[in-house]
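Chain naming follows the written order as A, B, C and D, and within any one chain the residues start at number 1.
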């Protein structure tokens, strides 16, 4: 028997391949889906079923692609909005045999209307479910978000409540296999741990401790979630069926001259935040390779062209993988080596990191600091701009700081003043660098980054 | 958070590496234990604790070796027989913090007197256990064997019953992490599936359905288990602490001349059964590479020297890994290529495969078949020798066949007659080839193998 | 600077990737050509040039596919027969810069009319060539075959002689990079060593020791070469441009039932010869995985459907790779496990291996042996059929044996008699198994294989 | 036949594994030498001979370790100074058979007194040598350095001249296999290309174009070479025989607290130069992971303890490999994540990168710049300190700059003034960062780095 969780870092997406007796199934495959076929065939199994828990909004589904490569059937929940072109509709109680395993369908709307959970039985030990693929209904430590239908927020929160009762009714013994782990944009409270059981969640998951349907609904509609613009693109693609990933998952290598002449929509520096802060190319924004999945979809729109600046070729390959998984395929190429650019006399820019002491001094009214753009004494008005999310901010904030969520700077940079000096902050300095990089790419020059951010601020207090 | 099951094929042994916040622990490590350190350090974790569920009898424990390489402490249950030199004694209720995870000790004697289960809690979600490392107490679909103390069989079976109640009391939600999966010599009824929960086992595990302690004891003492002689060696090593695995896990390459002159205790042909049957070197026994873990310990004693005959170099490397894990280290080298030996005029032997029709014909009294050794009409008495285990045999058997368990041929070949003709059979032909190979290496010449064995026999009836 | 030889086992094909300063070129790429892009990009290089030494007849060229994936230009020699659709024509003296390396074109017809050699200079050390890509003109220890234009054999042999003089004129210092190493179907006398220089070949290559153009021509037209039928297919594909290799290079897994119902043109057993001899499925031919490249093209025609029988899943993947490289893509799937088939009662066949003693006995007139098909005393006429090539046979042969080259059995099996008993022999038993397997798949039943073959025969004489 | 060049990045060291017919040899193995055995055995070969071209001064020889693991004999040239404990002495004309290859010894003193070249013949094609392992006598584009015997500089330069004649006499056809490629500390003029022949070197290698022995000697004694202190350590180890590399080639992971308490001799930041410049821990020096091999031996003495600061765990592993190869084994552990340290409120330091414009401004007398340590207007004397090597400096230099070679700062930092402000420069900024980092670790605070360095300066002029 094969049972394997395939994890997609960045997206914190979890898909599953399982099978026995020559047959296999995949739950929620990702776009670069050859891996499922390779693993199944290496284990002597033929993929015959592909199960989607719901229409994903945060990544391109590999279901239609995998179906084409294998001939397997795709199953998807009943969708009231629009047909999923490539899938058959599965409904409550439908049952599928995968070797000695059995999958039963549970309709679990809430996160989306078409959401299904797939309950797994072992026909050799059939009393009660072994596990359940919970998609974005139930996570370890959290439940799915219910903010996708703004005018039906109460309805869907209530539906999710009901769906969770169905999952709980499977029994404490059932293990849960969710579609996401900690760090996903599909929920903020997920546990670091990726394995759990219905029983353990029933006892510990904060959302399952709420005593009534009403209170649950109220809690859900008071949640703050962000919807990056690329969610709309994913939704459309995942109804129509996306294209296969490119055959070569490494970008073309660009020379400095080619980079300078490529005239792309976005020049993205994927090196680590500290390296970007130290030196970067004028006009480049910052998306460290590990943050691409979470933030590229805020700043880059469908079809826009991209060139990458990296520390080495492996970073380029990883970045391309992340971008391709969210359909940002228009990657013109990648350039390696800021130092090499500097050697050729290319002009470079810096965005200094500053520490708690300096932030305090400025908050105390000290305006006598050096401006990074002019290398002269600063003479501008200054703002400490907090780019964390609302939940973090409501927990604790520096009083004098202003707030715009990092993703919202995609539009709200227009509300800011290029003649002003901004210090960006988040919980550590990473999202602050993304924010600073985005502003720099929009022509802002008077910027620095609070290294350590809210964490350092609090450490200082202790 | 890191949680990884490391599976050792052949032995069907399951060990676990888990950790968070810079710290990690390993449960029941195997001898070639660099893998745990590599994985932990690659994840930024330091191994600080090594937990042994019991004194293993089927493989060399890597605990003392891993402890020496990492400085971690080893924990082992209280052993009434003899001190575990390299370990601290852990007792009921002892508690260890591994980052945000917590391990609590449960004394669970039965399989052995020193058996512990380690219960895992997540301090961020602390209501009831997340999971439990059950060692050889509770498997998916089975429980541990209790035949290691022949004069205390009832006592230890009773102890195991009590221990299982303690595990069950952890709650249905707790996932179980056993030390073995299907195919292990430590139990015969394990499920193919390696994941389960206490709740699912409570409902489905046949041994947990038994309604009383007494009936459980009676069931356990009526079980048939085999104890290969190497168990004694493992026991001794695992109390004293074994040596690290060799640095190079590939055997030396031998020429045909070197092979012929190396004068080893065992010449082991590790090619697939059909290739061995077709052609092999005189004096060689057959242990196909995937069967080494299960059967080498029956035929090869501590310190005995070994030369291997393989189809290619990768087989040699795999075979060495399997042998090293059970302390059969005295591997003089390996030779590749029966065809190349044949080209050099080396004399070769064959052990024909025969099919159901031929077996039936002989059972019907037809003695007019060709003897493989003489290539002439057979003139000997003939026996169909079934080498399956007692449980299989009691389920169904060919009436006229005789029975000796394949492992027991290590000694009982002496009861057989070299002038007799034997057809070896098992469920498929694989163990029959091992049996035939062992007899051939002891000078038996009039041999063939029933290909398909009991399965083919039954398929024929349908 | 990057310089890498990419070797294709089975075909013994050598291709080359080299580059510097951001730019790279490939010489004679194979069909599954992602490897060149991956390696180039990982090294920070962009493939801009693809050089073909000639229109390959033994494998599908990856040039047009690689060109499409990279935008690089393909260069090919002037072809009098027919246009190479996807390539630009390169001519004597053409010069290309690849970073600091320089490639100069040398027209070197003979093996084919369109054959080019590509001479490599290092612009930093430009006195005389560093090396030369010699394609199928000059190998280590041999020169290219000149049997592809049957009515112009003298002309092309003469052309090759002249071409070799041009290569020799590059100077002793030039290293040679041929398109094939030992074991290729493109020449039989290649050295085991794959590296050499013009100077070393001039002193040692037997073909370069011939003292005159005339004698060279005479020697060449007296050579014996075989042209498997698939050469014609390769020629056509390599003028028109072949398709990309499949995305998934592992065949679909078949159950026994699916295998039995798939009704393919060829059921190919890719296990090792000894395993095939021991047991195989009725109707299956034998092409051990390492012999596919050399022999599949004799027996399988364009578009014919194939099912594979393997020892494990890795063999299936390797076999598919080999088949795809020679455009035999119609692979319906693969089945693993003869023993498992036997367990299900599937009827099986055997083709015994016999040793020198038995062959001698039969040659001495002893007809008293067992027939494998009837398991009864043989009553048929008997022939020892040697399937080696003409060169081997002319060196030494068993007097009473008859001769048909293994590949020629693709048609000449029709000249043989199904009621006759054949013992197949070659130099070892491997090609003899292929021959026996082919005959078996054509309905011959009275077969065995001389294990060790001519080598064992000669070892016996010593 | 197997022939493989095993390259050690960082050291630009080239070792060789070759063999045929079951037997293999290694030339100049490195300390972590399991790779040679793994590769040989995977190819069915037994390592029987280990050839050292000379007593290496830049890395720990793996010869004695490999000998112990394989039983192979080590061969080394006659050493007038001191016995090589683990080796047999090979002398001019000694001959060894490795399968079908033959190795003949050529005494080639000069680089060291004990230097040998090993000439390779193929017994199947025996006219003249196929190739020659030239050690540190002849490189592609350069010859060995001759500065190791300060009082015998003319003698050894003359000896090298004579040795080179012997190598040249092998014939133009012989390929050369040197012990180093471009980037090695054993020579500065090596070509980027790692493959060549005697003939090509004879025509192109600048040192082989010198017309007389006398002029050669004069040229050699005028060369500038640096001898890092660790050369003495390597020399001693390579006469006595070094220890095997650690089993686990990943450092222990440290928490920030453990890092702060570990009290090591050196805290080494191995992140890329720009990240170090941006933010680093107080007291840490900078040795980016790719520069460890070249510069660690200048600053770290035998037995001194080391802690590493890295961007991720893979960097830690790579750094350890580099350090172990030059016997700097005392690695207490590694810490990942400057940002995480900043979050915990750890104080951090910066060393700004400045560009050409700013350097020019300062050179023009502008003292009105911000000091990184005080974040206030600079009030100190200022020096542009060039840390390139003498050869680079003699080619071109910024007039007003001062010069100390980066490696010599290991001692000469004592000559500098902590109250002074230094801008470090090299050809790009990389060695300047190493220099700045070293000064910072010695308590210097007023530092910055000229990003782009001499290259940017010259690009500006164009």
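Convention: contacts are C-beta pairs under 8 Å (C-beta built on N, C-alpha and C of every residue); 3 or more make two chains touch, one makes a residue touch a chain.
Please read these numbers as outputs of a predicted model, since none were measured by experiment.
Think of each touching pair as a link: the shortest run of links from chain B to chain D has 1 of them. Farthest from chain D, judged by the mean position of CA atoms in each chain, is B. With centres taken as mean Cα positions, chain D sits 44 Å from chain C.
If each chain is reduced to the centroid of its CA atoms, chain A and chain C end up 49 Å from each other. Residue positions of chain C in touch with at least two other chains are not found.
Residues of chain D that touch chain B in their complex: 22, 34, 37-38, 40-46, 69, 244, 247-248, 250-255, 313-314, 316-317, 336. Those residues of chain C whose C-beta lies close enough to touch chain B in the complex are 271-275, 277-279, 311, 338-340, 342-345, 347-348, 350, 352-353, 355-356, 358, 369-370, 375, 427-430, 451-453, 455-456, 459-460, 462.
By the touch rule above, chain A contacts chain B in their complex via residues 1, 3, 20, 100, 122, 124-131, 141, 171-175, 191-200, 202-205.
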